[in-house]
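Report on the structure given below.
All chains are identified by letter, namely A, B, C and D, in their written order; residue positions are counted from 1 within each chain.
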Amino acid sequence: MSWEHPVDVVVTVDHDAETAAMQAGRRGPSMTGIGDFGANIGMPRLLDALGSRGIAATVFVPGWVAEQRPESVQAAAAAGHEIAAHGYLHEYPASLMDAGEERMVISRAIDALVAVTGTRPVGYRPPGSRYSDWTVGLLCDLGFRYGSATQDDDGASLPAGRPVPLAEIPCHWQLCDDLYGWQDDVRMSPGQVEDTWMSELEAIGRYPGRAFVLTVHPHQVGHPGRMAVLERVLDRAHSLGARFRTCEQIAAELLADGRGSADIES
Amino acid sequence: MSWEHPVDVVVTVDHDAETAAMQAGRRGPSMTGIGDFGANIGMPRLLDALGSRGIAATVFVPGWVAEQRPESVQAAAAAGHEIAAHGYLHEYPASLMDAGEERMVISRAIDALVAVTGTRPVGYRPPGSRYSDWTVGLLCDLGFRYGSATQDDDGASLPAGRPVPLAEIPCHWQLCDDLYGWQDDVRMSPGQVEDTWMSELEAIGRYPGRAFVLTVHPHQVGHPGRMAVLERVLDRAHSLGARFRTCEQIAAELLADGRGSADIES
Amino acid sequence: MSWEHPVDVVVTVDHDAETAAMQAGRRGPSMTGIGDFGANIGMPRLLDALGSRGIAATVFVPGWVAEQRPESVQAAAAAGHEIAAHGYLHEYPASLMDAGEERMVISRAIDALVAVTGTRPVGYRPPGSRYSDWTVGLLCDLGFRYGSATQDDDGASLPAGRPVPLAEIPCHWQLCDDLYGWQDDVRMSPGQVEDTWMSELEAIGRYPGRAFVLTVHPHQVGHPGRMAVLERVLDRAHSLGARFRTCEQIAAELLADGRGSADIES
Amino acid sequence: MSWEHPVDVVVTVDHDAETAAMQAGRRGPSMTGIGDFGANIGMPRLLDALGSRGIAATVFVPGWVAEQRPESVQAAAAAGHEIAAHGYLHEYPASLMDAGEERMVISRAIDALVAVTGTRPVGYRPPGSRYSDWTVGLLCDLGFRYGSATQDDDGASLPAGRPVPLAEIPCHWQLCDDLYGWQDDVRMSPGQVEDTWMSELEAIGRYPGRAFVLTVHPHQVGHPGRMAVLERVLDRAHSLGARFRTCEQIAAELLADGRGSADIES
């Protein structure tokens, strides 16, 4: 089997460490321990798996994680991965008071990444993968080149109606390793996750101009059995002819073209 | 393997777009974005998959969706699919105050479809697939020929005790693509959904006079891996000898006969 | 493969019709419609599947269901199945005020079954499969020969410490068709349920004196794909050498022996 | 297939009997019956399966269970398994008032085990597998040699920053038989659990210095179909070259070396 149409394959890594647990009000050593697992165990395995395949990923990092665990972020950057912003303390946009507070959060996220990597991020994924009513406006204002949150397309696009051109890299819940569940609420077995990802991967090339955007968290995907699933999916993508891209590369192409891949299908 | 008895196979499409999310009180660009995915991505793929197989489906459309996204409804009608009613804003009957409010909702739903398609719908599926105590009376009153909500049969029927003859096209939760879950509450993998639908499809022909009624939502089933599952199920149905029908066609046969297929089995 | 030790295989049918939905406070035509599906569609299919295999089952019937749907109960009795009691309106014992109220419920359940079948039931399964603190005492008092609720064994037994000898037929959640989920909360695919039941069936014969007690509901298992799973499990049980028994038959053997099968293993 | 690196395989048994249900406020004969199933049915099967394979496990026992069901604990000790502490009444550390109350609980747990086995336990797993902010300090204070709760590693380690050297044996939710669900909330089929455990087992040997730590409960894993899954996983581990260890053995090696296996990978 081979794809009818070329597909952009994007590996995005949400390097949340303990921020997601903290935000949910869960505390204690066993909760925040997923931060250690993510940074110390999951991230090196992920970098190895990507590096040995020559794949550059986009790593979304909350500002606080960059400050607390700079080595893990610098290691990813040094390995050629894009570092992009993901809130300061993994704040869900909808939980913030107003546009002013969200601007403060995003600005602080930018500053933290600049301090650790020396580079200003060009992409933003809102924690929880949902924009507030004002997130997109803020991203345009703050000079980002792309956002990554919407569920309205499965191709990357340059959505109309944004104040300035801002590309959108879609993400979809079924292509996220949160399928495995969270802590003691384990939900899918590795076989079910592999089935979900592979089904989508095999079929997506039937449609022109699509992007297969996977989202993984080092503390989730870093377990050996789950790493093996990810690696089989990446290898299958390669054998199907995947064009591996970072979000930044796709955004740059869209902004240069002035049109989204969505235009190709419709 | 082949069926012992012929089976009516009905593809029903609930074209809810963003109304289901709005009704659940979920807002924001990432929530309502499933409306864009449904109308712009899922619906064209669905129409292609049905069209290339020569299958006419029944598309249930909330009035508001018809008004906001008329092209997607007109495209379905132009392709030969039946357009039927599904509330105005996807209101659950049980959430309405009284029969008066439900009558207003259904009337407004009819008007919206007439305005967009030029045809008065003959079928109604209550959002949530559950009747209130007065829905059936209202449908009889407003001249509908069938309703589609009950779980008391797996064959289409002409239930006794209704004020005027009103056919019933059953629907069952396990034959709905909501098995995949909703937004971040992903539940079944494509393999599990395919297993659920195929098991039912393979076995239903053991019983006479049955109908296999599938319910899909463009924003759910429109993802490539899920489209592939749907297409395999349709192809298997075809190879088993399916009589593909719209709800309207089945209702017309029942009303002409004056009896339901349920009578055949019992 | 064949079992090392003989196994009693018991098919128990909880013929709840609409009582389970009513008890949960769910109303409306689409909710209570599962009663029609259970009695009119599921039960005949179940009786066929059992009858064609020469298997006698134990059918637990709430008193109210016996009164409202006597034909479905009489058909089961006429086909040689045991009819046993299951509350009056499917009342969970823990929800009743005191022993007096529970005695009234059980007495009324007995009366309803006697009126419909002409026979006094000898077995009782509390709705929800959980005893209150006084259920067992009441069953002893009211002349029952067995109860079926506990999870403390996977063999039938004659538990010590009961006022008079009262056998216990165990039941386990994973051997119940509620694995499929309920209404719109569909949980397992047919393949998962089959895996769960078959795994237990294949392995149970490694231990002496065990009983494989399946619990099905006509409105759940009556769907064609689910009937096919049940039939494959029954056929596999047969090929493994199952001794098909009703609860009453097992209880009679235990009471005659004065000891439970649990004694055999320990 | 064989592992690239040797792996420690640890079977841990949480012998909770009815304490987990009691703690959750669930009472009544059918709830506490899982205690009988665990102690009388599950534990002997587990001891057989381990014994016939020559595997020594670590059995974590709440103090109350040791007092109420001493024979089941003594049988495990006599068979060569390590007996370790697990609260007195299965108290979640986070639910206790302060360090004083937790100290009292742990002390009482120790006393109960000493009374029943004659040996002071050297290991502690907090019920719920989560430490409070003061658990680790108390364990150091009370002379334990290891704790087993954290999710921050998948190798056993000697974490820095503890008052005295205290080894840590990790445990992970996906390697626990609670995947099967609990009572009427059945979640995974045996095939899904086997897939989850086998995927992790097959892949873990790709990384040096790892430990595969399985957690089972006699009342969960004791059902025949689930025992068969466990036995296949143990046999596969053996064929992959597993070094079966108790927690105590691993802790002793770490404390002798003065370093954790985590040091090996990083």
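In this text, contacts are C-beta pairs under 8 Å (C-beta built on N, C-alpha and C of every residue); 3 or more make two chains touch, one makes a residue touch a chain.
This structure is a prediction, so every number in the text was calculated from the model and none was measured.
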item: Chain labels contacting chain A and also chain D; value: none
item: Chain copies touching (chain C, chain D) - same or different residues, decided at half shared; value: different
item: Longest centre-to-centre distance from chain D, chain (CA-based); value: B
item: Whole-Å gap separating chain B and chain D, where each centre is the average of the chain's CA atoms; value: 50
item: Distance from the mean Cα position of chain C to that of chain B, given in whole angstrom; value: 35
item: For chain C, residues contacting two or more additional chains; value: 192
item: Touch-based graph of the chains, sorted into line, ring, star, complete or other; value: ring
item: Interchain contacts (touch definition) - all pairs; value: A-B, A-D, B-C, C-D
item: Contacting residues of chain A [partner chain D, same complex]; value: 28-31, 33-37, 40-41, 44-45, 180, 183-184, 186, 189-192, 223-229
item: Residue ranges of chain A in contact with chain B within the complex; value: 94, 129-133, 135-136, 149-154, 172-174, 178-179, 188, 192-193, 195-196, 198-204, 206-207, 210, 262, 265-266
